[in-house]
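There are two complexes below, and they share chain A, which is joined by chain B in the first and by chain C in the second.
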Partner chain A sequence: MVVQPMELLEQILFGLMIGGIYGVIGVGLTMIFGVMRLSNFAHGEFYMLGAYFTYTFVTLMGGDPFLLAPLAAVAVGAVGIAINRLLFKSLYEELKEAKGAAAFYFQDLKFIMLTIGLSILFVDLALVLWGPIPISIPSPLTKHIVKLPGGLSFSLARLIAFVVAIATLVGLYAFLKFTKTGRAIRATAQNPSAAMLVGVNIYKIYDITMFLSTGLAALAGGILGPIYNVYPTMGLDVVAKAFVVVITGGMGNVIGSILAGFLIGLAESLGGLFLGTEYKQVVAFVIMIIVLWVRPEGILGGGRK
Partner chain B sequence: MALSKNVLVIVIVALVVVVAAAFYLTQTGPAAGGTVKVGLIAPLTGGLAEHGLDMKQAAILAVDEINKQGGILGKKVELVIEDTECNPTKATAAVQRLLTQENVYAVFGEYCSTVTLAVQPSIMEAKKLLFVPVSVATKITEQGYKYTFRTCANQWMQTTQNADWVVEHLKPKTAAMLGVNDDYGREGLKIWGDRAKSKGVKIVAEEYFDKGSTDFTSQLSKIKAANPDVIFVVANIRDAANILRQAHEIGLYKQFVMLGGVTSDEFLQLADDDALGLVHVSYFEPTSKRPAAAEFVKKFRERWGRNPAMYAAGVWDAFLAFKLGVEKAGTWDVDKVADAIRSLKFEGAQGTIYFDEKGQAQTKVLLVQVQKVGGELKRVILYPPSDKQGEYIPPEKLYGG
Partner chain C sequence: MLEVRDVSAAYGKAIALKDISLYVGEGEVVSLIGANGAGKTTTLRVITGMLRPLRGDVLFQGRSVVGMEPYQIASLGIIHVPEGRGLFPDMTVRENLEMGAFLRTDRDGIEKDLEFVYSLFPVLKEREKQLAGTLSGGEQQMLAIGKGLMGGPKLLLLDEPSLGLAPLLVDRIFETIDQINKERGVTILIAEQNAYMALSISHRAYVIENGVTVMEGTGKELLGNEHVRRAYLGI
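Our next item is the complex of A and B:
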């Protein structure tokens, strides 16, 4: 098989662009796991809600979806906080009284069932509110094509999505690393009891984590909505990929998830090119299996950074 | 604490009783002797819900129309709708419920071929009629079942008719194929590829994508590099819209050709100007002037306020076949009704319909091209000559060099 150099370049370019989005979705999921020790199977639905909220804002207020996506992210983040307070908090309080590892795993099982239930609920809710017919969010940016020499081209929307993804990831990293709240989040991730002892209000940290995590997923949904299209089960289509990213990157490891996002995006593109596109999806899972096999803690380890 | 728990239990029990009572009261319709129950199975939730909606609306409309005209042999028809989510396990449970609890006379459905194939044996064993209005897998009517009838063209019929038209009218030297990585996509690409190859067309790329994919750039980039004359795609409306948009994004402006799955106004809204120039199969066009089709479109629009997609036409014709079959047989005896349906010939929404020995409706599909008519995207019928509405426009003319 002969691969033309421009074709290879095109595949790498698109692979990296998609990888950036995988990173944003994965990072939110890994944060919840790292800080709250919770496997959130409803993560994809926050991505879906972000897209629908963006669509609703565009229809209500007018304006470009790329400007309104951050607003949708904040709104979905507020939904995240509400769910944390209404549903998750009582489980944490039960956990506080329970003792030993068995209690912890039992608790995690409850969370898993709860979030799977939430996922189904949100998908059905979207079906009722917005209907089953896929929606496209119009934006002039998706029609504006950036042309590079050598026949390479992509829409301006895709470029913006990539830039927003990178900026968000950098911003998140800086926030966690350099701010007081960021330090408190990392402290809670490392040892919630110790964090509490030094005066960190861990319930507030959980609120902030839920806000960031669901908001990031929603932002990804909002900026991808105009590029692809919006439908009730769109979250279910990404959540498996998000878990692959999280596991590959090391569960709870923010930097690991970002790197894993790019790795998976690139591997899928190149896998599709060299092995055949029917194996594209398989490539991501094979990478995850290999990582679990040789380095079960993930490429950067499960460090709660 | 104990008190509040008791109160909670009482409240829940009371709620259940009230809901059950309300449900029971709304369910008691006309006397059991005067009705015949039929079931519809369709994906009403999940990723294919938009198509399930077409099926459901057409079924409700058809049953209402039949009952308005006095039912069938004096019996009112009662429709029981079950959601399958296009999941064979869920569908099997739904069909068991229809057969054992609802005791339906006939089942209409499904959208997904895998589901139809999964539930077909149990319906056949129960000696109930199965009307397949949408699933196109060729195998469904190839297994020698007496009680299965399909009211739309099957995969083999629509795909070969598509390939024949493309080879004859577009005269491509090379072609690329792109399809969803399941039985539907694989069968579609195999039939189209074999047919095109047998007529001297070289297949230069064969690519697949998994269900639920939203990004097709890696497949399209490979196809672009192979530089084919036409690109044959098997995809649902959501994927098809993304495929066309992303093809144009990476500068791939060749002639795209698709199957009947994209025949809907929602697809045109979703794909917008990127749909321009697409040639695809259609089982049914709401612009058709044929009286049977016009009547169906009028009734559907009055009831639901939108144009029916082709899946709706398939369901409508299935109910017509059911009604006419029972009336022709003059009895509810299932063997006699099955024989009567085999000897029917009637005007349906999709055209003149009659069945072969296997229960497959012999219909001709239409080939249409998406063109701009008066500034709006419209499906213009290119073939057959009897329905022709306009001329084919090559992509070079639509998009420039």
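Our next item is the complex of A and C:
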């Protein structure tokens, strides 16, 4: 098979675009792990809800999905806070009291089962509310083609999705690095009891973390909605990928997840080109295995906690 | 200023404190001495709301703090430098100190306290941009105390400030604790296994054994006490 240079360039750009979205989804998942030490298997459903909320807002209010996706993200983030307070809080209360590694792992097992249950619940809820038939969110921007020099062309929708993803990641990084709340989130991730002792209300930090995590997943769903199909089980297809990104990047590490998102997006895109699209799905897992082989803690993970 | 009244506490079924009582007067340095596992750390954890007592009360400036969350207790001016130093390892020295002042909004006061901490421990200023996790044990202890001071404490709780430090550094740390009390008027409660050092800078002290206070006295009295000398000073 001969690959044309232009085709290669196209796939690289395509991979970077998808990589940015993987980064946004993965960062949300890694934040929950880093701050709350919990693995959220319902993360993909917040992505799905983001897409459906965006669809619903477009249907109800009219307007472009790219403008309404952030609104959907805020709404889903509010759902995230509600779930945190109603369901998760009692579990990490118990975690706080528990001592020793065994307690921690049993705790995590409970949480895994809880979030798997939530995932099923949300999928069924979406089936009831929006039906099983895949829909696409109408946006004129998908038909608007941008021509790049060299004969490359992309829909404006894809370009906007990419720009939104990058802007979100940069914004999140700046928030965590330079604001007082961001610093408190990092402090809680690094040493929760010390954070409490300097006066951080860690329950508020957990709320904010859940809001950001679920909101980011929802934003990704909202901006991909006009490009791909929206259907109740779309989150299940994404959650495995999100975990691959988080594990490859180093669990709990925000920058690691961003890098891993781009790495896996690119690898999938190029893997599809060189190996054929039927192998595309397996590429992410192969990358994860190779990274873990060389660095069991992931690209930027491990070391001190 | 602080009064602990008949407090009992447990981790699960393991009883750690049995009706412990103590008080700390304004401006005092008070030590809790005792062996590993005697209940010193647990006492501090109860005071700062990290552990709910089974029974008993903790009063700070006449007001009960039992049932309050740790962040609320911290906002009253009780600052706890915990066992293991309580640092944020992947943050810089400067960021750790700023986290210490998390609840404060008085920028001038924070700036002044930062200068005070840097004057106590000039090495922290040199390492301002270094990650806390990469500091030596002694530097980490200095940072832990500095971070505590940044909270503008009325009452400073120090848990094992000498742990893991070379003897020369231990002297230095205790001199600084004394200086903080004298120059700043900060009331200090220390939990310490190094009984000699703790008693020599304390106004008063309590000896804790198996979750009970078995003895109380001034630093000098306890330094001269036969039981204390044999059990804790190795004389």
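Assume the second predicted complex is superposed on the first by the 301 of 305 C-alpha atoms of A that agree within 3 Å, B and C clash if a C-alpha of one lies under 4 Å from a C-alpha of the other, contacts with A are read in each partner's own complex, and residues count from 1 in each chain.
Everything that follows uses one rule, which is that contacts are C-beta pairs under 8 Å (C-beta built on N, C-alpha and C of every residue); 3 or more make two chains touch, one makes a residue touch a chain.
Values in this document were obtained by computation on a predicted structure and should not be read as measured data.
When the two structures are aligned on the shared chain, A:Arg186 is found in touch with chain C, with no touch to chain B. Of the two partners chain B and chain C, more residues of chain A are touched by B.
Shared-chain residue A:Leu197: touches chain C; no touch with chain B.
Of the two partner chains, neither chain B nor chain C is touched by A:Thr56.
By the document's definition of touching, of the two partners only chain B reaches A:Thr277; chain C does not.
Contact residues on chain B toward chain A in their complex (touch as defined above): 44-47, 49-50, 52-53, 181, 207-210, 212-215, 217-219, 221-222, 224-225, 237-238, 241-242, 245, 248-251, 266, 269-270, 272. Taken in their complex, chain A has these residues touching chain C: 99, 180, 183-184, 186-187, 190-191, 193-202, 304-305. Across the complex, chain A is touched by residues 11-12, 48, 50, 69-71, 74-75, 79-80, 82, 86-91, 95, 98-100, 102-103, 133, 147, 151 of chain C. Those residues of chain A lying in contact with chain B across their complex are 3-4, 6-7, 10-11, 14-15, 18, 123-124, 127, 131-136, 138, 142, 145, 147, 151-155, 158, 224, 228-229, 231-234, 236-237, 268-269, 272-273, 276-278, 280-281.
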